[in-house]
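Next up, some structures in structure tokens.
Look at the two complexes coming up: subunit A is in both, with subunit B in one and subunit C in the other.
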Partner chain A sequence: MNDLIGLVDWSRAQFALTAMYHWLFVPLTIGLSVIVAIMETIYVRTGNPRWKGITKFWMTLFGINFACGVATGLILEFEFGTNWSNYSWFVGDIFGAPLAIEGLLAFFMEATFVAVMFFGWNKVSRGFHLASTWLTALGVSLSALWILVANAWMQYPTGMEFDPAQMRNVMTDFFAVALSPVAINKFFHAVFSAWTLAGVFVIGVSSWLLWRRRNIAAAKSSMTIGSIVGLAGILLTLWTGHGSAVQVARVQPMKLAAMEGLYHGSVGQDLVGFGILKPESSRTAEEPMLFSVDIPYGLSYLIYGNGDNFVPGINDLIDGISINAAGDTIHGLSYADKILIGKQAQDALRRYADARNAGDEAAMAAAAADVKEHFPYFGYGYLPSPEAAVPNVSMTFYAFRIMVIAGGYLLALFVVLIFLCRRKPEVLEHPWLCWVGMLSIVIVWVCSQAGWVLAEVGRQPWVIQDLMPTTAAISGVPAGSVKLTFWIFAAVFTGLLIAEISIMLRYIATASKGDIETPKH
Partner chain B sequence: MAGGATFWRRAADLYIDGFRNMTVGRRLWALIIVKLIIFFAVLKLFFFPDILATRYDTDAERADAVREALTAPHDNSNTNTLYYE
Partner chain C sequence: MEKLELLQAYWWLLIAVLGAALVFLLFVQGGQSMLYCRATKEQRQLMVNSLGRKWEFTFTTLVVFGGAFFASFPLFYSTSFGGAYWLWMLILLSFVLQAVSYEFRRKRGNIYGTRIYDGFLMFNSLFGCVLLGVAVGMFFFGGAFTVTKTNILDASAPVISQWAPTHGLEAIFCWKNLLLGFAVFFLARTMAALYFINNIGGDAELTARMRRKVLVNGLIFAVLFVAFLVVLLLAGGYRHFEGQLIAEDYIYLHNLLGMWWLAAILLVGVVAVLYGIFRAAFDSKWRAGIWYAGFGAAAVVVVLFCIAGYGGTAYLPSTVDAASSLTLANSSSSEFTLTAMSWVSILVPFVLAYIWYVWSKMNASPLTEKELEGESHQY
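Up next is the complex of A and B:
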């Protein structure tokens, strides 16, 4: 058992490490492609060559990040086949179809138009070049769409049917998978957060230029674009984040309860604006918080648009309790019930295999019908107890607050900078403000990573919601080999990150010694 | 036909001239090539076999292996109380 826990933990740690490193590069690629496209649009519309120079400066930084980040996502697919083979088989073509579309459509779209974008200056018309830059931005976002559709399916499996003969899920409705509300919210939330991140990146680099008193006019123009895109990004991120929270309440209520550190829910549930959880050893369901600043009725109102609705807590969900509009307590399926149903689904699957080996068609059909009936709670059959369905509450709770607090800071930063860019641009050169801009780069990346920690830790123990826990998804490979590759990845990705940062810094330092606004070609 | 040939010639020139005139890009291409070698020639080859593809020859065998893995370790002593009365 300890070996299994070690294997699961190391496999999860390895996946988290590679996914988080991958996500260092991806949002900057998505967001910066849009910012570069906007800058080039200004150049084409105004014909002012200084915008061509500014566009090329940021386009080179986009290129450095694109090159460092390209193929880092492939590692995740290696891990699926080696460490998560049960999962890879079980998801069947649900995962394969979106990822194949990503490869065929978005990758080739990017590869074609990225070449025109970088090599096509003076080779193609201005209009065609601009179209290529926008199509690169579109292609980059479409890449994100398909991987996020696949991720959303894991959080809200839909549009499929489990086939006990193949032991895998078969897609029955492509549009239900691709257009599920979880996928749509997740996609736009990720893309708009990438705009926010890239906006801060542009602000941070521009702040460095201002601090070093280099290319001040270009830095201020860039900062204006970065702040506007960042503000649009953070406002849209807030909006889609709210949509995501509503979907979480609907399809992953345990994650929502963990986000709030909520053990016993109530009608008119408060929202924890800020708080500190008690250590797990001294935490009780009645008094989980050391202290908290609550917003009355906030959670009920945010989720349901009505302060009178009931929001279940962790213990309510485990016990299957809810309260209806009339105030009556409703007893639904408890997690103990769901564990029994899951065990029945697994038992039916065993009977299906036995019947097939015996060549008993009638028994196979009966067993397949039982599997289908009990399949919605299939994964619960692996849980040793109802409490095993509770994610790490502390990590989920704090990741959510780090994301929201950092997001609030960034919103304020963008508003202030837009005001200063328009009304008091000379203030932008103050060293302390330059440092605020530069340090904000760290904050936005922490914010972005916290969002994924929330999404992925909050859905534990499920790798596929309700259908497969991580303990069942794992391959029977030695934990030692996973540990070894964990450290190899840590070294390789850290090297890549150092390479990216050093190449970027060297380019910024070198290019900014000259006149950014005067393009060489 | 001539127009098509011109198009492909111009497309080839775009890439050839682009690569020839790269400055920062040379270092980046070196980085990409080293990275892809590490990923595919080292990690994928020696550390990340596709477990099911390498251990089993057919999809039916793979399905049986996954069925075995997903049903065998499970304690079945506590079922048949909710839906099988």
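Up next is the complex of A and C:
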């Protein structure tokens, strides 16, 4: 059992490592592809060659980053098989389809048209080149769509049923999987956040150019585009983020409770604007916070649009308690009940397998009916206690706050910069503002990573919500092997990240010594 | 044939076609193995940039191959990837290093220097080709694994597919698998030389050297492949019959003879490969060898996949528990999923059409030093 825990922990660590590195590169690819396409569109529409130069400058940075995103993405796809083989069988019938569609429809589009983007300037017409740049951007976003459909399905399994004969889930409704509200929100939230990130990246690099007083006109033009795309991105990210929170409240209430550090919910629940949790050892359900600044009724309003609704806390969910509109306490299924039901589902599945081996069709039918009845809580049967269904509250709570606070800062940054770009462009050259722009690059990446930490840590212990915990999803590989590959990939990805940053910095420094607006070729 | 069986056969054919496309595109890896060969700096630049404009197709095809396998035969994905851990991890690592090497190798500030990135390309070339061949070799010579689905009900040891403790290392050191692996490697080198002949212009000396390489590597490939084919056709396996997996000697030979059209395609494929090799080697004006040899190699790969999986053959035989062996029937996705995916696969011709269109536009004329000098984005 100890080896199993070690294996699960190292497998989780390896997947988290890969996913976090992947998400360092991918949002820049998604967002920068759109920004580059906009810049090239301006070039094609105006015919002004300075925009060709500006486009090529950012396109080169896009290319440097693109390779790292591709490299880390490969590992991520195959790790579902190498490290989560049980998962791959249990839900492969549903989960594999979006991955295959992603490859077929999105990756080939990217791979084909990105070559035209880089090498086609003198080989194809302007219009064809521009179309290729937009198709690359479309391919990148389509790729995000299908992988987020897959991710959303793990958080909100739908459009499937369990087949006891094969001991796995099978798809019954493709469109329920592809168009689930969780998937749609996730997709737009992730893509718009990528626009935000790329906008800040362009602002940060442009700020460096302004600080060093190089290519000032190109820097200001780039900053204008970056700020506009960034503002659109952050506004849409906030909107879809709200949609995501509503969906989380509906399908993953435990994640919402952890996000808020909320142990006992209430009608008209406050929202924690900012706060510090007590250390876990001294935290009590009644007084979980060291201090907090609350927004009265905020959480109820945020989720339900009015202050009269009850928002359950962690302990309420464990105990199955809620409060109705009349103020009465309602006792529903506790987590202890769900564990019992989960074990009943698993027992029924054992009976089904035995009956099948014995060729007893009547017993098989009876057992299958029991499995079906109890299956919604199948995964609870693996949990040793109700408390095992609670994610890491501190990590989830702080990740949410970091994301929201950083998002608020970025909104203000974009608004100020757009104002300055249009009305007082000379202020953009102030060194302190340049430093704000450059340091914002760090903030936006922290914000972006915090979003994924929130989404993925907050859903623990589930790899598939309510149906399969991570402990049951693993491969039969020794923990030592996974530990070794973890460190190999950690070294490789870190080495690549350092190289990428170094190449980018050197390129920016070198290219900016010349005239960015005058393309060499 | 029932609808589910038809869908399973259709998806196995699609997997075979993707595998064939992957083997064709391994010319990129084959070319990478030639970067340390005798060449001037300018020739090496031409070779790298010629390959660099195509590496993403190989990479993408590998990803799609994996995704399609996951979607259509998830028990294979679960059993092979989770079992032969080291085999797949080494393959993946080699491709990860490749993915950045083209873009980074000559960029200023790349920290590790061009030679390290070229070393990565060499690593990917050898390990990528040989180990992918080993992975396909397992389709015939199997692995030491068991599949027990009821394990999932044991919370303390829930893993369904259990593999030998060597976790894929035994497959890497199986000489039969290595035979195919090295055949793939030398095929990739042959194809690379053919590709350079087709894609690089204005350097007669390089082209002449590539024609010699076509012949040498082509002959080594032919010897290795014939040896593999003999071993394969003498090998036994398991066939699904009345609900059980029954051992059968010479199963792949029986499959080839039983499905005569496969034998015909194999013959056409072999002839096309040999024609591509020999004409390219001896006709100093001919540049189309890559298409003949590429088509031929792809046809042979499709045939290998078909005799591995069709006719109820276990395409991943277990060497320790016959009943655990994977067949198309016991490892596939459901009828619903295969149907839904089949609708999506209607778009494949559209994807192929735009790839062909862009390829022909970008390769309208061979890559020359002059073109490279005028290019702002170089590898």
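Operating definition for what follows: the second predicted complex is superposed on the first by the 519 of 521 C-alpha atoms of A that agree within 3 Å, B and C clash if a C-alpha of one lies under 4 Å from a C-alpha of the other, contacts with A are read in each partner's own complex, and residues count from 1 in each chain.
Please note the rule applied: a residue touches a chain if its C-beta (ideal position, glycine included) is under 8 Å from a C-beta of that chain, and two chains touch if they have at least 3 such contacts.
What you see is a predicted model; the values in this text were computed from it and never measured.
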Request  = Check subunit A with both subunit B and subunit C modelled on it and let me know: fit or clash.
outcome  = clash
Request  = Check the residue A:Ala472 against both partner chains and state whether it touches subunit B (first), subunit C (second), both, or neither.
outcome  = both
Message = With both complexes superposed on chain A, which partner does A:Tyr304 reach: first (subunit B), second (subunit C), both or neither?
response = neither
Ask   = Is A:Ile341 touching the first partner subunit B, the second partner subunit C, both, or neither of them?
value = first
Request  = Answer with first, second, both or neither: which of subunit B and subunit C does A:Trp239 touch in the superposed model?
outcome  = neither
Task = Using the touch definition from the top, say if A:His374 reaches subunit B (first), subunit C (second), both or neither.
result = first
Ask   = On subunit A, which partner's contacts cover more residues, subunit B's or subunit C's?
value = C
Query = Counting only touches as set out at the top, which of subunit B and subunit C does A:Ile488 meet: first, second, both, neither?
reply = both
Inquiry  = Looking at A:Gly63 after the superposition, I want to know if it touches subunit B, subunit C, both of them or none. Which is it: first, second, both, neither?
reply    = both
Request  = Using the touch definition from the top, say if A:Tyr409 reaches subunit B (first), subunit C (second), both or neither.
outcome  = neither
Ask   = Which residues of subunit A are in contact with subunit B in one complex and with subunit C in the other?
value = 60, 63-64, 67-68, 70-71, 74-75, 78, 81-82, 85-86, 88-90, 115-116, 118-120, 123-124, 166-168, 346, 349-350, 353, 381-382, 472, 475-477, 481, 485, 488, 492, 496, 499, 503, 507
Key: subunit B residues within the subunit A interface of the complex   = 10, 13-15, 17-19, 24-25, 27-29, 31-32, 35-36, 38-39, 43-44, 47-53, 59, 62-64, 66-67, 69-71, 74, 76, 78-84
Ask   = Can you list the subunit C residues touching subunit A in their complex?
value = 53, 56-57, 59-60, 62-64, 66-68, 70-72, 74-75, 77-83, 85-86, 88-89, 92-93, 95-97, 99-100, 102-104, 107-112, 149-150, 152-153, 155-163, 165, 167, 333-334, 336-337, 340-341, 344-345, 347-348, 351, 354-355, 358, 361-362, 364, 374-377
Ask   = What residues on subunit A touch subunit B, complex-wise?
value = 60, 63-64, 67-68, 70-71, 74-75, 78-79, 81-82, 85-86, 88-90, 115-116, 118-120, 123-124, 165-168, 337, 340-341, 343-344, 346-347, 349-350, 353, 373-374, 381-382, 472, 475-477, 481, 484-485, 488, 492, 496, 499, 503, 507
Touching residues on subunit A, where the partner in the complex is subunit C = 1, 4, 56, 60, 63-64, 66-68, 70-75, 77-78, 80-86, 88-90, 92-97, 99-105, 107-116, 118-124, 128, 132, 163, 166-168, 170-172, 174, 346, 349-350, 353, 381-382, 471-472, 474-478, 481, 485, 488-489, 492, 495-496, 498-500, 502-507, 510, 519-521
